[in-house]
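Next come two complexes, and both contain chain A; in the first it sits with chain B, in the second with chain C.
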Partner chain A sequence: MHDLAQQIVSGLAQGSIFASLALALVLIYRAMGIINFAQGELAMFTTYIAWQLTQMGLPIWLAFAATVVVAFAGGVALERIVIRPVERANQLTVVIVTLGLFISINGLAGWFWGYIVKAFPTPFPTTPLQLGGVAFSAQDVGVIVVSVITLGLISLFFQKTKLGLAMRAAALYPEQSRVLGIRVGWMLALGWGLASAVGAISGIMIAPVVFLDPNMMQSVLVYAFAAAVLGGIESPVGAVVGGLVLGVVINLLGTYVEAIGNELRLAAALAIIVVVLLVRPAGLFGHVTVQRV
Partner chain B sequence: MPRPNAGLLTRVAIAVAVIALLPWVVPSFLVFDLIYVASYAIAILGLIILTGMNGQISLGHGAFMALGGYVVAVLAHSAGWPYWIGVPLAAIASGVAGLLIGLVALRLAGVYLALATFSLAVATPSFLKHYKSITGGFDGMSLQPVQAPAGVPLSGQQWLYYVAWAVAGVVFLLSALLVRGQFGRALRALRDNPIAAVSFGVNPYFYKTAAFGWSAVLAGIAGGFYAIPTAYVSPDTFTSALSITLLIGAVLGGISTFWGALVGGIVVEFLPLVAQQINAAAPSVVYGVALILVMMFLPDGIVGGLLRLTYRFRRAPPQPALESSTPSAAPVTVGPQSRE
Partner chain C sequence: MPALLTVRNLTIRFGGITALNDVSFDVAEGHITGLIGPNGAGKTTCFNCITRLYQPTSGEVLFKGEDLLRCVPQQIAGKRIARTFQNVALFDHMSVLENALVGYHTRFPGGLAAWGAETAATREAMDVLDRLGLAGIANRPAHGLPFGLRKNVELARALMVRPELLLLDEPAAGLSHDEVSALGDTIKRIARDFSTTVLMVEHHMALVMRISDHIVVLASGKTLADGPPDAVRANPAVIEAYLGAV
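Right after this comes the complex of A and B.
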């Protein structure tokens, strides 16, 4: 029983990381109808920046904050420089451009920091927390807390601030928003910045567990895809719920089902993606889109 | 079926002659690389048919190569079957898998298919590691190097080179016959205007699934010829990077003509070898930047760019290389936009 509780908390911790990256994907999908294949690599790259800052002697939390700011600026810059020119192009073009980002960011990380796996300092205490007689890893609990705060802030931003409202309007009704004086292009760039910042948090949260290497986020990205698809790719709430459900399910399957084990967790995520897309393409929280032809 | 024009026949004849003579003029380590070019070209051809002509994005064709490579390797390693049985069986196995996945892909519009196939590519090595009893798990399997048959005055490597390129020639010819005829016309009609095509009685389910199956057949064959030269397969041979490499080859070469497969195969084999001299990570950076720049400035790839250049030179009206209905500068459109 204690074991089950630990596994669930650890699943929630992983799930909240999937949820953060899935939220980043959803933010961009809602704004532009684009799946950003480079989202995971952006998170990886910014995590390396955080590592570099701690190597230069910055305390981990300060490095964390600085990295989120850098990630935001980087996301805005990428949207302006790379995505803007192909914004109105067809889907294949945009997919290939984000794949181009994926590969070049992966390569740059290997260029700057090499391909040798590095340990990443955990920002949380290493002693387990005792809650109700069960020992939980402080890392797991800390990750959940940080993710809840992040998601809460994002939600407040979109619901309660004028800028958040403008960003939502720009995503849903770009033409009308432009008429009302909203600078739609900049709203999209801000969306990329936010997504990249949220992704950076997910990278820093998972790096102490999976260690730092240029390919660390690839499987996390697949889990985030699964989470986003499960929740409905247009729904931020769906991404969060999808991420948490996926984290717990994958963790329990991997631990208790012999046939799946550690290696087929990714395959389980793939199966979830395919089954959801076939059975209920809108996911748990999405709306079915009707297309006029 | 339109008759091939004289210019096309000349270009094909020159390509065949160059390929036939190359092993006698280049050093033997290059012959080895050129076998990989054949493998890449076959796989990229499959991707060009699927993505360029059928409009379905696959980021997971490395999975079909893995299937093909492992069918050849398992049959040779465990049952001792020769490669000339293994490769056709790899094509069949991969084709069947392609038909099944093609049926699923019918229901996934545009970007969703990209997402699902990307996940397939990332998950492929973990499948290969998991079923250890068949695949040899993490360590992979080693194979017998190829020997030329008795009486043929070629080294094993040269023999493999000619076999690989002969197979490439056959599948290029078959594919050309396929897309120049009614089949290709149906595919292009479905890609460019699905509603009109269906109204004219084109069955989208049949053609799209068949195209997926055929492109998987090609990837399966390519996987066989990817495994045989090194005489070794392992899960790390078929990572997500391979799937992405294939798409890079198709895009850089030119996704709207078959020549793009040939040029793309050359690029993805040799560009990393050159770029590696700078830094181990340089190939990725060059690839990524090249992809972005090509999409922005040269949407029909190197071949399309060259064609436009030569036409400007000759001041003749541009003609696309292989298909007559698609303007060479037109971007490839994919599926209905899901948000409209």
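Right after this comes the complex of A and C.
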């Protein structure tokens, strides 16, 4: 029973990382109607920046905060410089641009920091936490706490601030929003910044577990896709719930179903994507869009 | 009455099609002006030029003497001009109150003054919703509201701009006979209560004739007639082309 509790908490920790990255995907999808294939690589690159800052002597939490700010600014700059010129092109063009970003950022990280796997310092204590007589990994509990705080702040931002409201409006009806005085282009850039910052947090949280290398986020991105599809690609709440459910299910399957083990966890996530798309394409929290033709 | 809005020689072409051809008219301050004409006459195109969603080929649009054609669309609300759309475009995933608050966007103060501004904005939004009979559903999602209520929510959102000029694009479309009757009273009341000038595109002739102080008639992108309702009603060209059925 203790083992099951530990596996569930461990699954929730992984799930909250999937949830953060899935939320980043959903933020961009809602604003532009496209999947940002570079989201994972952006997270990886910013995690390298955090690592670089720790190498320069910055304490890990300070490096964490600085990286989130840099990631936000980088996301905004990327949208203004790379995405804006193709903003009015068809969606496939923008998707191809994000694929180009994926390859470029991956290559840049390899060029700057090499392909040798590096250890990333954990911001959490290494001694287990005793809760209700069960020993839980402090890393797992810490990741859950950081993710809950992040997602809570994002939710407050969108629900309670002028800017959050404007971003939600601009994502749905750009033309009407413009006439109401909203600077739609900048809202899009802020969306990229926010997604990039959330992605950076997910990268820093998972790096101590998967270690640092330019390909570290690629499997995490597949899990995040699965989480976003499961929750409903347009739903931020769905991304969070989808991520947590996926984290727990995948962890329990990997631990207790011998045939799946560690090797087939990613395949199980892909299977979830296929099954959800076949059975409930809008996901758990999404709405089916009816289009007049 | 001085002109609040002056449209002069407005022309816009889309490829080989001339949607507006040398259209000129004034909208007097404090008046309700009806902009009528058959489908394809260029009425909504005219709205889109005024609100800068379209760039006219030539002409002038002066608001309080300032050339609106020098503005970008996101500056229009700041000039205290608001509009509704032919196809009601509510932010469906937001509540009725949040929809109204989006209309407040340009009036939010910047910097430290923004502190606590949400409370003032919410209080004002609730007042506007109350005036339109929507206060009771303020926290309901816009998604799934009956069509008549959706139109009122869009009107509330436009009123949150505190417009000096309110452009209504077919406000009566899709409404029942009783709803249209109530709408006429609502438009007159909000024009008075909010001290706003109204320019209204509408096909419902009885409504236009009842509440308009002045009517502009467009046909095939040109101004066909321009005058008070009685004069427009008596204009033979207008009777033949548009009001024959009334």
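The rule is short, and it goes like this: the second predicted complex is superposed on the first by the 293 of 293 C-alpha atoms of A that agree within 3 Å, B and C clash if a C-alpha of one lies under 4 Å from a C-alpha of the other, contacts with A are read in each partner's own complex, and residues count from 1 in each chain.
Note that a contact is a pair of C-beta atoms (placed from the backbone, for glycine too) under 8 Å apart; a residue touches a chain by one contact, two chains touch by 3 or more.
As the structure is a prediction and not an experimental result, all values here were calculated from the model.
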Which of chain B and chain C A:69 touches, first, second, both or neither: neither
First (chain B), second (chain C), both or neither touched by A:165: second
Which of chain B and chain C A:148 touches, first, second, both or neither: neither
Touching partner for A:135 - first (chain B), second (chain C), both, neither: neither
Chain B versus chain C as contact partner of A:257, first or second or both or neither: neither
Touching partner for A:179 - first (chain B), second (chain C), both, neither: second
Chain A residues touched by each partner, larger count belonging to chain B or chain C: B
Partner chain in contact with A:156 - chain B first, chain C second, else both or neither: neither
Partner chain in contact with A:91 - chain B first, chain C second, else both or neither: first
Residues of chain A defined as touching chain C within the complex: 160-162, 165-166, 168-169, 172-173, 175-184
Parts of chain C lying in touch with chain A, wherever the complex brings them together: 51, 53, 72-78, 82-83, 85, 89, 91-94, 98, 101-103, 105-106, 108, 114, 117-118, 157, 161
Chain B residues touching chain A - in the complex, by the definition given at the top: 51, 55, 57, 59, 104, 107-108, 110-112, 114-116, 118-120, 122-123, 126-127, 129-130, 195, 240, 244, 247-248, 251, 279-292, 295-296, 299, 331-340
Sites on chain A touched by chain B in the complex: 33-35, 37, 82, 85-86, 89-93, 95-97, 99-111, 115, 214, 218-219, 221-222, 225-226, 229, 261, 263-267, 269-270, 273-274, 277-278, 281, 289, 291, 293
